[in-house]
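Shared between the two complexes below is chain A, which has chain B as its partner in the first and chain C in the second.
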Partner chain A sequence: MIKERLSEKKNFKESELWFALYSLTAALVDIRRNGKTPKLGDINPQNVFVNDEGHIRVANIYSWPHERFSYWKVLENDKHENTLLAPEDMNNWQTNHLDNDNNHQSELFAIGATIISAALLSDFKSVYDFK
Partner chain B sequence: MGNSNKGVKESTFKSSNPHLNKAKLIENSTHDRYIEAAFKAQNKDYSDWHNALKNSGCQESNYLLLPTKVNYNADAGLCGNTGTLTVTHHLLRINIPSSHMF
Partner chain C sequence: MAFGDSKYSDIFKAIILNLVSVSPSDRLTLEELWNFIQPFHEPILRKEQFMIPSAPQKIEMSLASYKNRMY
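Moving on, here comes the complex of A and B:
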């Protein structure tokens, strides 16, 4: 949808961005409440879809076979995979200082980055220096 | 849903999500639309994923994109431990939601 909006030069309205923020947060609450995994969803613009009713749906780890958490993609150094881990979390994982209690940092970072991407109609990596 | 139904239309589906690279868009006779993606999978991988999906407790979520239908066909052969997994998700809107929804 970001690409569509970009091609039409039609920015998301503030109300749409608030709706997306609410929906993404609600998706994580759903996983946190019902899921058995300590890690939550892998939010990024590629995993956010809109259904027939205009409601946002997140494709998380359960949506596809062979899906891997961002943490594993980072550990496997798969640079082709899009991940939006918080910089300090990514650094911790790359240096094997694992801290499972702080996974929510990356989830919140990913939600914010996704909303910023939608607001700017731009890839988050083009506006944020991860180094 | 399903390719053999009369009146089913198939078209290609473009998405930046890598899992949807070869997905098809299916529209049935009642104009319901679905995304169908097929994967090669090991028996064990499929079984693990399916169990995780069932045990996730998230099936009724209004906010997650979870499969509405999963079909696994094992490859023929004496020692076959692979197969083709077809995953169907209820359709997503491709066009832009109208403003009255917000």
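Moving on, here comes the complex of A and C:
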């Protein structure tokens, strides 16, 4: 989502970010209504794409054979990897107390973080203090 | 540059900053967010500007504190 804009040094317009927010939220609502999977997946700028028509696509994490879920990155203490885990998930996972029923609050965090990364064309970790 | 200082509208920044609140209970729920933005789906999907007459209480509160800090 960000890589192309960064190379062009072209910021996202607010209308484009509203579109991204709406699309990602609609996807979550759809998943919740249909009960397809408990989670949308690992939402982060690497997994969110804008196609030629300007539509938002969320890639399945299994599209990249060598990619790991954010939980595993945190467990392996790989702080250099990109993860947008919500603070409560980060704490819960590190204390072996994983809450699978947090009403999508952690995914809303990941959506907000993805939008901020897109708005600033930068890594969310550089603008957010997780401590 | 901080997101709060960016060129985007105050209401947009307030919504996004709410979503990254440290405490999950401070964030809008999925239902609250969807009920808020869904009525604006036409201009959003056409990528047009639109007016937001009112926002959920959690957003109004963060918007008020954000404006108090700005002015």
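Keep in mind that, in the parts below, the second predicted complex is superposed on the first by the 104 of 131 C-alpha atoms of A that agree within 3 Å, B and C clash if a C-alpha of one lies under 4 Å from a C-alpha of the other, contacts with A are read in each partner's own complex, and residues count from 1 in each chain.
FYI, contacts are C-beta pairs under 8 Å (C-beta built on N, C-alpha and C of every residue); 3 or more make two chains touch, one makes a residue touch a chain.
In this text the structure is predicted, and so the values were computed from the model without any measurement.
Of the two partner chains, both chain B and chain C are touched by A:E16. Looking at the shared chain after the overlay, A:N92 reaches neither chain B nor chain C.
Partner contacting the larger number of chain A residues, of chain B and chain C: B. Contacts of A:K3 after superposition on the shared chain: chain B is touched, whereas chain C is not. When the two structures are aligned on the shared chain, A:G54 is found in touch with chain B and with chain C. In the superposition on chain A, contact is made by A:N34 with chain B only, not with chain C. Within the superposed three-chain model, A:S106 lies in touch with chain C and out of touch with chain B [touch as defined at top].
Using the contact criterion defined above for the overlaid structures, shared-chain residue A:Q46 touches chain B, although it does not reach chain C. Residue overlap on chain A between its contacts with chain B in one complex and with chain C in the other: 13, 15-16, 18-19, 26, 54.
Only residues 1, 3-5, 10, 13, 15-16, 18-19, 23-24, 26-27, 30-31, 34-37, 41, 45-47, 49-67, 81 of chain A touch chain B when the two sit together in their complex. Every residue of chain B that touches chain A in the complex is listed here, in rising order: 15-19, 33, 37, 39, 41, 45-46, 49, 52-53, 55-58, 61-67, 85, 87, 89-93, 95-99, 101-102. Taken in their complex, chain C has these residues touching chain A: 1-3, 6, 8-9, 12, 15-24, 27-30, 33-34, 37, 41, 44-45, 47-49.
Against chain C, in their complex, chain A makes its touches with residues 13-19, 21-22, 25-26, 28-29, 32, 54, 86-88, 102-109, 111-113, 115-116, 119-120, 127-128.
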